[in-house]
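Both complexes shown next keep chain A, but they swap its partner, so chain B is in the first and chain C is in the second.
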Partner chain A sequence: MNQIVDSLQYIKPEISAAIFLVVIVIVDLVMGKNKKYLSPIMIIGLLVTGFFIIDQFKFSSFAFMSENNKYGLLSIDSFGSFFKLLIVFSSIIIVFFTISSDEIKKAKERLGEYYTLIWGMILGMFFMIIAADLIVIYLAIELLSLSSYVLAGITKDTLRNSEASLKYVIYGGVSSGIMLFGISILYGITGTTNIYEINGLLQSQQIQGLIVTLSAILIFAGIGFKISVAPFHFWTPDVYEGAPITITAYLSVASKAAGFALLFRFTKITFIDSINADGSWNIISLIDWRSFLIIISILTMTLGNFAALWQNNMKRLLAYSSIAHAGYLLLGLIAFSNEGMMAVMIYFVIYAIMNLGAFFVVMLIANKIGSEELDDYKGLGKTAPVLTVSLGIFMISLIGLPPTAGFIGKLYLFLALINSNMILIAFIALLNTVVSVYYYVRVLKYLFIDSSEKEIAPFGVTIPNLILLLILVIPTLILGVYFTPLVEFAKYSITLLGF
Partner chain B sequence: MEIPIEYYLLLSAFMFIVGVVGVLTRRNAIIVFMSIELMLNSANLTMVAYSSFLGNSVGQLFVFFVMTVAAAEAAIGLAIIIAMFRNKKTLNIDEINILKW
Partner chain C sequence: MENFPILSLLIFLPIIGMVLILALPKDKDKTIKWLTLVITGIQVILAVIILFFFNFSLGGINDPSSFQFVEKLRWIEISGLAWVGKIKIDYFLGIDGISVVLILLTTIVTFIATLASWNISKSLKGYFALFLLLDTAMLGVFVSLDFFLFYVFWELMLLPMYFLIGVWGGPRREYAAIKFFLYTLLGSIFILLVMIGLYFSATETLVDGSKVFTFNLLALMDPANYNVTGILSPLNPNNLRFIAYIALFIGFAIKIPMFPFHTWLPDAHVEAPTAISVILAGILLKMGTYGILRISFPIFPEITQQLAWYIGLFGLINIIYGALAAMAQKDFKRLIAYSSVSHMGYVLLGMASLSTAGITGAVLQMFNHGIITAMLFIIVGIIYDRTHTREINAFGGLANQMPVYTGFVMVAFFAAIGLPGLSGFISEVLVFVGAFGNELIRVLTIIATLGILLGAGYMLWAFQRIYLGTLKDKWKELTDLTFIEYCMLVPLTIIIIVLGVYPSVILQFMSASVNAIVKFMANANIIHSSISTF
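Our next item is the complex of A and B:
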């Protein structure tokens, strides 16, 4: 009993998120048709949650331990706090997106539910990031999934919206079913659901490698669905295209960040044997986890990049680009070293900024011209110079060219890979980057070189949107040349509880 | 006479495969959902069988959570199916195809 009360201090951010979820519901109920207080409450709630995360940044402890057990349900460490901060940051940006989104304005009567479900997603992601027990992992993934299924179809009147939602719920249900089956097998052969205890058992006892591999692959199906790696990526383009842009941006950044945090924690804690002095990990030799991940990663980036080549819808193109980026990010895990983990953390901050920026510009353009098709983007370079130049910067950053931030992200990833002697993989990833230049530059060609048949009146950006845009553009440029603080921050928060 | 654990595991593996095949081959969205429920329940059966075999209550505890989540998922799935049906007047997932490639 004492343990439970003591543990509450470690989950202050989660408690704050849960309280604000209820606050949003109550305010929405009391205020009725008046929706103007909801967004400010969201921002306040996110700032309070962010404050609690910073407050406990350096905590390193288990929460909710049982009496005869030295491990707990949740593990609180700076690695988790880093990803939680990233999620709070992207949530704040998403609230501002929502305020200026025309798509959400049409469904204004459902704004209360929309924000409630966003809190549901945040809560799910927080627990995913700190979960140290298979039960918590499963419940957190489901909390995140169930909220995002509904959010993908929140405007429900358009056909593509409900289609996205239906496809998401079917793919999501199947992958969570597969994951649950994997969890049940892993529980059966180890007799425990705590990943630290499973690690101890895998190290000491003679357990059949084949069945561990089977259950690990089945569990990977559930996590892989969240981070949209091949062959679990089929939902990504459909859902990203059909969902409202605010939700698409949120899924592509926050939900993926949580998925990667979970994947890192699960892989490192469950399958690690020991850590060498130089920070590389020795993985338990029962299963060939590395070859499996290499195949998945190469498949993901190749598929993402090549499928993106012939896309004509901007949201769909960014969806395939985000699949390709999931492939690059897996490279950081394949390195199996603390350096790779740090590279992924750096890359994720940069990826969040540039991807949110790209979606923001797409949304602002869609607000004006009512379309996300590339054919309608022709000649926009002349009519909307501010927006298109920023989109250009984000595209160059997504390719990974200097002097933008994307270059630094890719540089650290490839360095981590080369330092663990996987030059061939790094070379394949580099070739993939070259392929990706084509479709990113194609967008720029439509914007700046082609001219439109239709006459579009020049349009600018409103001042609040311009400020938000600058908040995203300036880091994209500055982090490309002055990245030391980010690297130091990632280095500072690399501690993963236990190893 | 006690039933050996292999029987339970075989039954649950069979249920899981029936669920997967149902998802892949059935065309009606509601039946696809039923197949997903079957997959979840096969995992539940494995968990309960192991829990009783190992004399460890964690597995049965897990099953309660899974049943709750499955109920929530079914509710959300049916709500989304209704939203879809209002727009399209069909539940055949082959005809729900405006988003592709």
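Our next item is the complex of A and C:
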């Protein structure tokens, strides 16, 4: 009992998230049709939560330990805080997106549920990031999934909206089932659900490698579904296209970040033998985790990039682009070094900024012209210069060309990869970048080179939206030429409890 | 003068101009044009000032102390941890005899290209903003002494070029623009990989005695800086330097463009507007050969020596193939584009000789070819503006109708052929002298002389078909040169004639650097072999 009370201080951000979830429900109930207080409460809640995260940024401890055990259910460390902060940041951005989204305005009566479920997602993601126990991992993923299933169909406005939601539920249900199976196998052979203990047992006991590999791959199915890597990516384009764009953006950034944080913790804790002085990890010999991830990574980025070539819908295009990016991000894990981990953290901040930016512009354009089809984007360069130039910058950054932030993200990934002597993989990834140029630049072609058949009156951006846009555009450019603070921040927060 | 950051001013002046242009209202067409002209004009003046203060006796190449107008600031500095070293990247600019020539070329050609853009009417603001961004990127490449900085400028060039071809180009502009983009980016990834490989192979000792991985090109040229275990270290038993060299070479060769990576060039040239063709042929192609000379040669000297014959061979193929392809063209602009392929072959051949005469010839050829093709593309542009066709067989007898224009055409054509007294001659002779002197590539050189013959063939044949003979009725209305066209052609003609008669004007700047690089390459073998034995 004492332990539980002691542990509460470590989960202040989660408690804060849970309280604000309830606050939103109550305010929505009390205020009835008046929805104007919900968004400000969201922002306040996120800022408070963010404050608690920063407050305990440098903590390094287990929470909820049992009596006879030196490991706990949750591990509180700066690595987790880093990703939680990233999630709070993207949530704040998403709330602002929501305020100016026409799609959500149409379903205004459901705004209370909408925000409640976002808090549900946040809570799920927070626990995913800090979970050190297979059961907590599973519960956190389910909490995240159930909230996002509903959110994907929240507007009930169009058929594709409901379709997205249903597809998400089916794919999600299957993959979490597979994951649970993997967890049960791992529990069966080790007798524990704590990943730190599992690591110890895998190192010390005679266990068949094949079974460990099987269970790891099954567990990976659940995580792979969240980060949308091939072959668990099938839901991504449909859900991204069907869901309201605010949720699409949120899924592509926040829930991916949580998935990657979980994957890193799970891999680093469960399968690592020791860490060398130069920061590279030694994997236990039972399992060839690296080869598996290499295959997944190359498959994912190639599939994502090639499928994106044929897309004519901006949301689908960005969906495939986010699949390809999941492939690049896996490269950081494949490096199996602290450097690779740092590279992924750097990449994620940049990816969050540029991807949210791209979705924001797509949303603002859709508000005006009512379409996300590339054919309708023709000639928009003339009618909406501010929006389209920003979109252009985000596209360039997604390619990874200097002097944008995307280049720095990729550079760090490749630095880590080449330092682990995986030149061939780096080369394949770079070839993939060349393929990706074609579809990103195609967007630019539609915007600036083609001319529109229809007459569209020039439109600009409202001041608040312009400010938000600048908040996303400026770092995309600045971080490309001056990235010291970002790298320092990633380095500062790289401590992962355990190793 | 010593401490004035003239190079930064030179490369970032266009950025200031770009910001001003973007701030101007849309309908100020005249102001935008004049602003660009003034900025590129100031750049020419700055380049001349640099020449004026340039010390001929300093060689540069691998010696930091003999670079001039050096600016070195710490740009990125990230302290290390137990498992990750300190990271530092410098903002490191400096020029030697090779870069100073190319800076002069860039500023002159950009200024002329601004004049050539005078008739652009479609979204003028965007055009000149991108034009100035391109200007910054090009100059940045020629003055960077840090690989990272070099790469940033190298890539920065892509996007403005894509739009300049894609928006303001001809009917198949989209295809040409994306082809250019993809091809160049493919080259860039090779460069990026080698850059990262080199980064992890060598360390630089800082002032405080600590050692850090480095992107500093000059530090990378010193074999003593390499770690035994570095991927691209000459000391590494299974070293990958050979593969890295070829990768880097391909990266640069795409830009030259070297056969068989040249296919983007004719498309890009034909579709690009005149001014952009001028920049493309006049400056961009030189970046490839400049990169080889500045990075590949001094960082991998021992492999350069091993592969010199192949470089010469590809030079030869470029010369002959380009000439033959040019001969077969029916489109005037395509013909000039292929002649560029042929002429860049001389640069490769001259570099492959690794001799003073050959490399001097190569660098001079870069400059001369820049000026001559700039003029040739302007010539094509002038006739296209009036007739809206580039079909060679559609013309005939234009000399009667446009005598002054044809006079300038003769200067440019004969310079391209290599007629004595004009600038092209000097550089080709130097290339041949140098290449013939190197026994290794002597046979190649002898075959390459065929290129002169072929060059004269396609040029004179084209001249005959377009300018001689009887004038067709439909061209009876054509007018001779306008004032702006004079402004473009006269300076270029003067340069071509002056350098044909008195090439020392340019040669004096580069001689110390060329000597330095030749000496460095010759000594490299000894240093490298002594290291690997011990």
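Assume the second predicted complex is superposed on the first by the 499 of 499 C-alpha atoms of A that agree within 3 Å, B and C clash if a C-alpha of one lies under 4 Å from a C-alpha of the other, contacts with A are read in each partner's own complex, and residues count from 1 in each chain.
Quick note on the criterion: a residue touches a chain if its C-beta (ideal position, glycine included) is under 8 Å from a C-beta of that chain, and two chains touch if they have at least 3 such contacts.
Since we're looking at a predicted model, the values are computed, not measured.
K.L.:
May I ask you to decide whether A:E197 touches chain B, chain C, both, or neither, giving the answer as first, second, both or neither?
P.N.:
A:E197 sits against neither chain B nor chain C.
K.L.:
By the touch definition at the top of the document, which applies to A:D77: first (chain B), second (chain C), both, or neither?
P.N.:
Once the two structures are laid over each other on A, A:D77 reaches no partner at all.
K.L.:
Determine, under the contact definition given at the top, whether A:E14 touches first (chain B), second (chain C), both, or neither.
P.N.:
neither
K.L.:
Counting only touches as set out at the top, which of chain B and chain C does A:E163 meet: first, second, both, neither?
P.N.:
In the superposition, A:E163 touches chain B alone.
K.L.:
In the overlaid three-chain picture, which partner chain does A:I185 touch, first (chain B) or second (chain C), both, or neither?
P.N.:
Touch partner of A:I185: chain B, not chain C.
K.L.:
May I ask you to decide whether A:E372 touches chain B, chain C, both, or neither, giving the answer as first, second, both or neither?
P.N.:
neither
K.L.:
Touching A:D28 in the superposition: chain B (first), chain C (second), both, neither?
P.N.:
A:D28 sits against neither chain B nor chain C.
K.L.:
Considering each complex separately, which residues of chain A are in contact with chain B in the first and with chain C in the second?
P.N.:
Shared contact residues on chain A: none.
K.L.:
Mind listing the chain A positions that touch chain C in their complex?
P.N.:
Per the touch definition, chain A meets chain C at residues 276-279, 337-339, 342, 382, 396, 401-403, 407, 411, 414-415, 418-419, 421, 423, 426-427, 430-431, 433-434, 437-438, 441, 444-445, 448-449, 481-484, 487-488, 491.
K.L.:
Quick one: in the complex, what on chain A touches chain B?
P.N.:
It is residues 134-135, 138-139, 142, 146, 149-150, 153, 156-160, 162-167, 169-170, 173-174, 176-178, 180-181, 183-185, 187-188, 191-193, 237-238, 241-242, 307 of chain A that touch chain B.
K.L.:
Touching residues of chain C toward chain A in the complex: what are they?
P.N.:
Checking each residue of chain C against chain A gives 75-79, 81-84, 87, 123, 151-152, 155-156, 158-159, 162-163, 166-167, 173-174, 177-178, 181-182, 185-186, 189, 192-193, 196-197, 199-200, 231, 240.
K.L.:
Can you check the complex and tell me which residues of chain B touch chain A?
P.N.:
Interface residues on the chain B side: 9, 12, 16, 19-20, 23, 29, 32-33, 36, 39-40, 42-44, 46-47, 49-50, 53-54, 56, 58-59, 61-62, 65-66, 69, 72-73, 76-77, 79-81, 83-84, 86-88, 93, 96, 98-101.
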